[in-house]
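Going by the order they are written in, the chains are A, B, C, D and E; count residues from 1 in each one.
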Amino acid sequence: DKLEDLREQGFARIAIANEPPFTSVASDGKVSGAGPDVAREVFKRLGIDDVEASISEYGAMIPSLQAGRVDAVTAGLFMKPERCAAVAYSQPILCDAEALLVPAGNPKGFESYADIAADDSATMGAPGGGTEEKLALDAGVPRDRVIVVPDAQSGLKMLQDGRIDVYSLPVLSLNDLLAKSGDSNLEVFAPVKDAPVYCDGAAFNQRDTDLRDAFDVELAKLKESGEFAAIIEPYGFSAEAAISTDRDTLCAQE
Amino acid sequence: MGDWAGYLTLILQGAWVTVKLTVMGCALALVVALIAGLGRVSHVAVLRWISTCYIEFFRGTSIFVQLFWIYFVLPMTGLWSPTPMQAGVMALGLNVGAYGAEVVRGAILAVPKDQYEACTAVNLTRYQKMRHIILPQALPLMLPTFGNNAIELLKATAVVSLISLSDMTFQAQIVRSQTGNTIFPFVTILILYFIMSLLISTGMRYLERRATRGLDGVR
Amino acid sequence: MIRVQDLRKSFGTLTVIDGLNFEVKKGEKLALIGPSGSGKTTILRILMTLETISGGRIEVAGEPLYHMQKNGAEVPANEAHLHKMRRHIGMVFQHFNLFPHKTVLQNITLAPMLTKGESRANADKRAGELLEMVGLSDKAGHMPSQLSGGQKQRVAIARALALNPEIMLFDEVTSALDPELVEEVLIVMKRLASETDMTMLLVTHEMSFASDFADRVLFFDKGKIVESGPPEQIFKNPQEERTRTFLRKIIAAGQHV
Amino acid sequence: MIRVQDLRKSFGTLTVIDGLNFEVKKGEKLALIGPSGSGKTTILRILMTLETISGGRIEVAGEPLYHMQKNGAEVPANEAHLHKMRRHIGMVFQHFNLFPHKTVLQNITLAPMLTKGESRANADKRAGELLEMVGLSDKAGHMPSQLSGGQKQRVAIARALALNPEIMLFDEVTSALDPELVEEVLIVMKRLASETDMTMLLVTHEMSFASDFADRVLFFDKGKIVESGPPEQIFKNPQEERTRTFLRKIIAAGQHV
Amino acid sequence: MFWDWDFAISITPTLLQGLKITILATVLGAIVAAVLGLVFAILRRSTNRLISRTTGFVVEFIRGTPLLVQLYFIFYILPDFGLRLPPLTAGVIGMGLHYATYFSEVYRGGIESVARGQWEAARAGNLNPRQTWVHVILPQAIPPMIPAMANYLLAMFKETPLLTAITVMEMMSQARSVANTSYRYVEPMTLVGVFFLIISIFSVFGLRWLERKFGGRAR
């Protein structure tokens, strides 16, 4: 039984992304951020004293889970039908809407992915394999105008250098990015019109549904007691958004 | 933007991972190179065959693909599930080892035919010939290229950041996204890589001098 | 001691030795002479098992060299058989082929220690005697690169002798040397020829030395023996036209015999 | 034709030639002999401007070789001066140094066409005559790798002659050849010596050839001339002990003079 | 389910699209490397100490640090200094610069492999330096270089996946993009490996041919 194994072992391995505020790494190397903090708390209540977080790129998370290299992913990996088919999600934890980072004053007036599709000369940056890439493609932005950017900082830099016209990430990610850059020539447009609000959950290997179910039980208690809100709201996430929806709804949402 | 000393420590932690990867990868590469290189010149056809396949396969595909297979595909077969460090060392060692094997083979073949014949004339066995005559002379020929291969391996460690191993390049990426500063982490690691490669080439030159001592004027 | 029967050797399509027959008696000193490319080196290399043969049969010390008995039939020799047969034979090369990473002493003692399991003390003692014989007692600790060509060749002779072979093969042992250094090697060889009863085969382009050294001279051309006999006969009174032409050219090029 | 005064040449700390003086008259054939390492090659290479000198002065055809006049003073020669002086001199090397990527004909015509601006037709014609002279008319279209050593060396001689130098330098032109191939080269050289009035300097280890070829022999040791004179004197009646020892060794090694 | 043929076939056109970019980047990069390499080789032979030493240091530095980090530098940091290159251009320049350091060694080796006697024979024939280079040295120096150069071409080919980091959609990027949207990793990555292997194997035959034809030495 997986849960027993983890208890014995004393820690669970989780994959996180290098994306504030979902995760953050302090200068002393300590991992925090909304995702890992919730996971740490829930696992503690399950009798697993510690989590061992490894930072992954988005593309590597699901393979890591499938290859059994990590026990869970808590990284802002939003629930979508294909993903729900590939992994076992817990109930929702962190919710965020999509946003666009654009030059100040939003000169091209982008408010939705369809706007970007309509402008033949516009190029958009998005992380490879992320939700934004998929939404943009679905909205009709051709493949060669969706630039796959390796990381948020590179996306910001490309926008500053004028290599792309717009960079899309979840609202809180962009806010954090913009704040750190201190660049007053840019602004965040949020939320993107016609784009659903997404929530992530802790993702488990599909063989580990028992562990997932145990996780859900403790997560529900945490939400009820209000401690959940206390953990995530300082990072800017809304507890209400996560509590008011559930996995089945989100997994059905295209 | 913060605490540079702390972030520098993060990068140095990554540098330590890079050093470990390089040292262990080189050790593995050396062993594999010797085995496969000797296999290539073996008189047993099967050994030659196996070595050739190994060498052509690992030189033929890109290290990214090898890393991916070892780290993600191998565990799915249920055989073995390496840690990132193990996967990194394995991919680097096997990849560079394949190049090294060709160096070993080249050096063995570069020992003049005369020396092989002199061994036959004094009736040494195949093993004695390799052990006492050929390898000691081939080694100095291999060292310079081995030095280059070690530097190649050091540089290749940067790709393990793709499998989330927190090496120096990966740590630089983290510092970059946590601080929003690009120049500081990248300049730092450029300098660190350069220092490491200088250490390797200096060390190799020292070894070369030692190995060729007394052989001056021979070639 | 050596019996060569119908020996054939080809490299690809080039037949270098074609139906060669000769015998060498124990203790005999034989000189092989002949034009470049006639196959002299090839014969020595075959006797030293550095080549394979394309046909024919060789016996050394009463046993077949490239064949062995297996279940009553004669089959091609395996490495173990060759290894055993090589104990009878030693060879000195044109380019010395010393081991450059070993000292003079180690060059001489390596093979006895490895192949005969001699103790270091014994091997060192014998090496000392051999170095004495070739006049290089003071060079035991030197590396080959510190020696002149003549000295290298004398070490190579000592190395071959260290294994006490019954047959010694010499392939143009002086032709890579500066003229001034040739003499010291020839002195050693002459002494060797007169003092031991080893069987010796010598390939050389130095006719006067061949004449001094050998009991019998074989004149080769195109992989065949054209003429054979004692040196006086071959050099002073050759029977074959081919031999006469060859000797004329050699003499025109400045050698005397 | 050549005047060497107080010539000095060192390689790093090793002084190879130390205060050398000699003259060569126009048309004279000179043989340089001496033990290995005595500096014979070095002198030829200096005359061919393949080395620099460490001191002293050389005149060729009345002009300083390594010096030139500039504003009335004598200064070290520049490349242009060397280029001009080299027209007087040709050299044949021990290892032929043919251009392996050019045919025999191209090897011979390349330099005349490039340095003297000769037309291809003229150069080809002259090359044909030279190949005739060295007996290789049928090999014009061959690549050097298809030739034997003796043939290569004859092509090298033709190549050097193609520039019509007044002085020819030969450095052990036969010592890299098989003994049987030596003769064909020596025949060409002897013919050359008797038919032309070129000045020739020849380094050789073949005493009988030196004796046939040369008007005068210089015996070298350690970068100095020990003895010089006509061949009869040097070979039959040497004055210096050093010369006698050298010749004794050479003769013991099987050469006659 | 381990391997899905239909899926593999459906993604092949996308991957081939990436392969085109991969090959383009390799060929252009090799041209840059060949030209710059010659420049490095010549500058390093310069009799002016300052020029030769500086070039030597630059070459050692570039060779001692990872291409990945250099690419980041060129693409993300150079714009701060007013130089904004399109991704493919940046990639070609980065790879070209990196491999120029290897090519310069090849040039050096090729020139040194011409026997000293050839320089001397040219001098004895009174050719001037330009004639010596054009008619004697280069015709002999270039053929032995060809196999080594082809080898580096192959190495460059295998390093193109690094261009992902600077948003060039080469084959590996396409594969990852496919993998990221479909959550199927085995097929795209394996296909990429197979494409690499096929091209490498053909290149190896080509290389063997070149080596036979020009009789040079490999890496």
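Keep in mind that, in the parts below, a residue touches a chain if its C-beta (ideal position, glycine included) is under 8 Å from a C-beta of that chain, and two chains touch if they have at least 3 such contacts.
Here the structure is a predicted model, which means the values were calculated and not measured.
The chains that touch chain A as well as chain D are E. Contact with both chain C and chain E is made by B, D.
Across the assembly, the mean Cα position most removed from that of chain B is the one of D. With B-E and B-C as the two chain pairs, more C-beta contacts join B-E.
Mean C-alpha positions place chain C and chain D at a centre distance of 37 Å.
If you average the Cα atoms of chain D and of chain E, the two centres end up 47 Å apart. Centroids of chain B and chain D (each the mean of its C-alpha atoms) stand 52 Å apart.
Chain A and chain E have centres, each the mean of its CA atoms, that are 38 Å apart. Within chain E, the positions touching two or more other chains are listed as 76, 185.
Multi-chain contact residues of chain B (touching two or more other chains) are listed as 72-73, 76, 182.
For chain C, the set of residues touching two or more other chains is empty. Every pair of chains that touch is listed here: A-B, A-E, B-C, B-E, C-D, D-E. Taken in their complex, chain B has these residues touching chain C: 114-115, 117-118, 120-126, 128, 132-133, 136-137, 214-218. Contacts from chain B toward chain E in the complex involve residues 56-57, 59-65, 68-69, 72-73, 76, 99, 102, 106, 145, 151, 154-159, 169, 172, 182-183, 186, 189-190, 193-194, 196-198, 201. Residues of chain A that touch chain B in their complex: 15, 18-20, 24-29, 54-57, 60, 63-64, 66-69, 151-153, 156-157, 177, 180-182.
In the complex of the two chains, the chain A residues touching chain E come out as 58-59, 62-63, 82-83, 85-86, 128-130, 133-134, 144, 147-150, 154, 157-158, 160-163.
Chain contact summary for the complex, chain C toward chain B: residues 45, 48-50, 79, 83, 86-87, 89-91, 93, 95, 97-101, 110-111, 114-115, 143-145, 159-160, 163.
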